[in-house]
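In what follows, structures are represented as structure tokens.
You will see two complexes here that share subunit A, one where it goes with subunit B and one where it goes with subunit C.
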Partner chain A sequence: MRQRLIRIVTFIGGLYFFLRFVLPGDINGFQFARYNHEITNGFRAIGALTFGLGLINILLVHGSRLLFRRKGWFTSAALLFGLAFMLTVTIGEWLASARAAADADRLVMLREFAARIVADEKAGDSDPPYATRVALLLKNATLEVERVDQAARRENPAGDSAVMRGLRTELHAKINGLRGGLETISAGTAGPEALLPLAQQLSDVAATYRGILIEQHRAAVVSKLYTLLSDGLFMALGTAMFSLLAFYIASAAYRAFRIKSAESALMMTTALIVMLGQIPFGLWLWDGFPDVRMWLLTTPSTAARRAIEIGAAVAGLIMAFRMWFSVETQSFSRGER
Partner chain B sequence: MSWEEATILLAGIATLGIYSFLIRENPFYRFFEHLFIGIAAGWGIVFSFKNFIWPDLMVPMLGLDIITFPDGTTSHPYNPWTLLYLVPMAFGLLFYFVYSKRHAWVAKLAIGFLLGMAGGAELEGFFNLILPQIVGSFKPLVVFDEGIVDWGASVTNWVFILTLILVMYYFFFTFSRRGIYAERIASGGRWLMMVCFGAYFGSTVMARMALLVERLQFLIAQWWPTVTGVLS
Partner chain C sequence: MRELHRRWIYLLVALALSVPLILRVSVPPARMRAADRAYDLIRDVEIAPHQIVLMAFDFGPNIKAENGSQAEVVLEHLMRRRIPVALFSLYVQAEPFLKSIPEKVASRLMAENPGEVWRYGEDWVNLGFRPGNFLVLQSLARSEDITAFFGKDAFANRLADIAAFRNAKTVKDIALLVEISGLQGMLELYLRFFRAEGYVPKVVHGCTSISIPDAYIFLDSGQLSGLLEGIAGAAWYSARLRKEYPRQEADEAQILNTSLGVAHLLIILLVIVGNVVAVRSARRGVAQA
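Then we have the complex of A and B:
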């Protein structure tokens, strides 16, 4: 019974994508893939929830090693410290940047409000009445401009950067322009056309204010900590880890591909030409190396890889169907039935 | 010490920690290796939450994408159908039954669903990705450039198609290869594959070398001056 249920659920899992591909876009007015974005998001949501499995496994393996002081507890402590610190700092940085974005979005909201008023008035569908809405827009825009002006004046105690000074000057000029625009518009008489330049001015002020907020955010401790972790550790360790292979790839190649036959000689010659075609020394030896390298990569190499990919894709398709129809079940559940 | 200097110093120490493996495996290397795994895991979790779960699932469900204007009107009405996202999310929680000895089979429902999804989507992926490649591979065998035969392009196309066919033939096991010609054709496919493997091996070596050069440049041009600057 359990096996049958799993097989049915497995089949249902692939049914939507299969039907989406084989059915026409429009069946007598019914669009099968109309909610494709939402359905795909739903499918992705199932997979996204697996992130907790990784977290739990890490905590179980390394947490228990640290707790019971088993061999390697110190490195487990380093791993858990890195995990906790990165989680805290990345979440903190995300929240701080989201707060900054929300701050600038208040101006964007007013721009959209102005655009909405214009659209509704042109459509003859203004509710509340047009004059009331314009009055609300002007009042809120005036308040918002003053708030932004005050907020943007807050200086960094350590001193402003040249970028920040430039942005402040730009914002000051734009705010003055917006104030002038607000003064010329009267709620009772302003037509929809008068609101469009105001919406554009609000948008301009929002863009510059967003730039100031980003600069202020960069100067915050949480942002500096994030840079310390991402540039100082994450990127540095990742690059060093991958570049470490440069030392081993040569010795591994020597062991694996010693020139024992004409085929391995051909392989190593091709590798040598590709490498020489990419470095100044190769160019110094013969200026035709880059062209030969490019030809090798785009013609025989691409063709051979494509042939392998086509073969692998056909096999993958058959395997996918076997998985979808649960023909492959025994391979994955041997000894657990 | 400024934040920038601290970042450079830390990056240099971390790089040296990883390179210490070149001498032999040691606790210094293992420390940074585990630190990297922890940091990468932490970053990955927040990345998936920040870029998918929050904006695509939580924001529409909580109605946080709705803008309320000063007159009380909203940018768009709340869509209660977004609450249906709770169904796949609840279904995704079945994965966590792997920790129950008695009900571990329940997790197989979610695993099976994802496998089935991958299987169903593969058909679309195959026809959308592979078929254009097959069609694009069959290039004109004689290329004309303003009415004159372009021998270079023509020979290149011949080599391309010949390589494609020979390599595919090498992997064709449906019928047994009998006869000297069949063996020679398959052997030609193997030779051309060697060219391909050699080209990719060379590219991989150069990519790793580029990373190594970047790290060495960082250590010499940025890290060491910062160390001497901080110490002096």
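Then we have the complex of A and C:
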């Protein structure tokens, strides 16, 4: 039953994407791909779930090894500690940036409130009354401006950057302009046309305040800790692992790259020309190396690669058909037919 | 020589790579015509007020030396031209680079040009890592409101409120795509799915040295408008930047290219020595027989 279900779902999935590719967008008013956004979002969500699966798998494998003190439990403990620590710092960093974004969004909400008041007034919607809404807007805008002014004054103990100093000056000027705008509008007399410049001023203050929050976030401890772990450990370890290849390649070149036939001589000569055409020192020998290298890459190499690609594409197509019609069932049948 | 222990080879490689890096030596790079095309395109590209350039960083720490340098030089060029750039990735390990590389480039530019400021939100925006692989590209290409499609940036700010991005409506407002990756098949995803009816973007690609032959197929067919070939491409691009903006200091790309060039010379030397030793041994074997 389970296998039949998998086959049916696989076939329907394949059929949908095949038809979506070949059918026109609109067939006499019928849109085949109408819910494509929702469908692809579903697939993306499933893709994102695999991160969770990976996490659970790591916890199960290494957690049990640690719990029962099996061989290698110490390295599992180090891995789980690293995982938990990095996860905590990353979540902390993400929450801090989300808080900063929500902080700036309060001004944006006021801007949207002002725009909504104007739109409703023009549409004749007066519930709640226009004056009440404007009074509420002005009151909250005044409070918000004072809060933003105070929050933006918090200085970095290590000193502000040039960007931060510029942003503070800009914000100060914009807040003064907004205060002036708020003072000239009174709830009873302000028409909708007076609210639009106010909405624009709120938007401008929000943009600069957002810049300040991003700069403050960059200087925050959690952000620096994240950078330390990411750049100081993750990057360095990842780069070091790959750089080991340089040593193996050099050693292999000395031992294995031997001229044993006309073909191997041709291959070695080509490799040497490509290398000399790419490195700065090749020019010292002959300035034509880059051009010869370019010809080798654009003509013989591209022709050969195209042949390989076309072959692989045909094989891929056959594989896709086998998957679509569930002929290729090894991966989810556990061997039974 | 035949029994030359590999530890001596490792020592020679370590020296060849590290000495130019430590001494920060750089020699003029070889001319890369494909990188020239990328440079000329970015130098001449005209951006309307509602348009942006999309840069995809699809690389991890393992290929940072090549792809990271390419990302830096291209981003620097775009920033110097004050072209707003949106950065994103389909590869989870690239996420830290989306933050660190533009900050590094902006800091360098501000140090070089006192009084001028490059700011997040105005000059660049970080859209973060987006899970979903080709589905993201497919949906993005068909989206009628890309600001709503992405929703928020990597710092949870609404894109509709970010100056660099808020005027972009559809994928057609992406004037140029810069895709930097050494991952197998990643470029093909963009070429296949990042297009809409009446719109095929100009694409500049940065690849690792090992994937140059793959990328040349698309350069030859015209699907790529420019190509940065490994660290050599980044170094040549950097050299052109230095020519156009003389105040720029020597950057990592040229130093790394010099270091790698010395290592390549060593490999060439080892191949020659290895073959000479093999031929001599074979002759000696024949003579003894």
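As a convention for this text, the second predicted complex is superposed on the first by the 258 of 337 C-alpha atoms of A that agree within 3 Å, B and C clash if a C-alpha of one lies under 4 Å from a C-alpha of the other, contacts with A are read in each partner's own complex, and residues count from 1 in each chain.
The criterion applied here is as follows: contacts are C-beta pairs under 8 Å (C-beta built on N, C-alpha and C of every residue); 3 or more make two chains touch, one makes a residue touch a chain.
Because the structure is a prediction, the values reported are computed rather than measured.
**Student:** Taking the superposition on A as described, I'd like to know which of subunit B and subunit C A:A250 touches: first, second, both or neither.
**Tutor:** both
**Student:** Is A:G166 in contact with subunit B, with subunit C, with both, or with neither (first, second, both, neither)?
**Tutor:** The second partner, subunit C, only.
**Student:** Determine, under the contact definition given at the top, whether A:Q278 touches first (subunit B), second (subunit C), both, or neither.
**Tutor:** Both partners.
**Student:** Once the shared chain is lined up, is A:G211 touching subunit B (first), subunit C (second), both, or neither of them?
**Tutor:** second
**Student:** Identify the partner contact of A:T239: answer first if only subunit B is touched, second if only subunit C is, both if each is, neither if none is.
**Tutor:** A:T239: touches subunit B and subunit C.
**Student:** For A:V9, using the defined touch cut-off, is the partner it touches subunit B, subunit C, both, or neither? Pick first, second, both or neither.
**Tutor:** first
**Student:** I want to verify the contact counts: of subunit B and subunit C, which reaches more residues of subunit A?
**Tutor:** After superposing on chain A, more of subunit A is contacted by B.
**Student:** If we overlay the two complexes on their shared chain A, which of subunit B and subunit C does A:L55 touch? Say first, second, both or neither.
**Tutor:** Touch partner of A:L55: subunit B, not subunit C.
**Student:** If we overlay the two complexes on their shared chain A, which of subunit B and subunit C does A:M323 touch? Say first, second, both or neither.
**Tutor:** A:M323 contacts subunit B only, not subunit C.
**Student:** Tell me the contact category for A:R306 with respect to subunit B and subunit C: first, second, both or neither.
**Tutor:** Both partners.
**Student:** For subunit A, which residues lie in the overlap of the subunit B contacts and the subunit C contacts?
**Tutor:** Shared contact residues on subunit A (touching subunit B in one complex, subunit C in the other): 41, 43-44, 47-48, 51, 94, 227, 230-231, 234-239, 241-243, 246-247, 249-250, 253, 257, 268, 272, 275, 278-279, 297, 301-302, 305-306, 309.
**Student:** Which residues of subunit B touch subunit A in their complex?
**Tutor:** 3, 6-12, 14-15, 17-19, 21-22, 27, 30-46, 48-50, 52-53, 56-57, 67, 69-71, 73, 75, 81-82, 84-85, 87-89, 91-93, 95-96, 98-99, 105, 108-110, 112-124, 126-127, 129-130, 133-134, 137, 156, 159-161, 163-168, 171, 189-206, 208-209, 211-212, 214-215, 218
**Student:** Under the touch definition given earlier, write down the residues of subunit C that touch subunit A in their complex.
**Tutor:** Those in contact with subunit A are residues 4, 6, 9-10, 12-14, 17, 27-34, 60-65, 93, 96, 100, 103, 110, 117, 119-121, 131-133, 135-136, 138-139, 142, 152, 154-158, 161-163, 209, 212-214, 216-217, 219-220, 229-230, 232, 235, 257-258, 260-268, 270-271, 273-275, 278.
**Student:** Which bits of subunit A are touching subunit C when the two form their complex?
**Tutor:** Interface residues on subunit A, with respect to subunit C: 36-37, 40-41, 43-44, 47-48, 51, 94, 97-98, 100-102, 104-105, 108, 162-163, 166-167, 203, 206-207, 210-211, 214, 217-218, 227, 230-231, 234-239, 241-243, 246-247, 249-251, 253-255, 257-259, 268, 272, 275-283, 289-290, 294, 297-298, 301-302, 305-306, 309.
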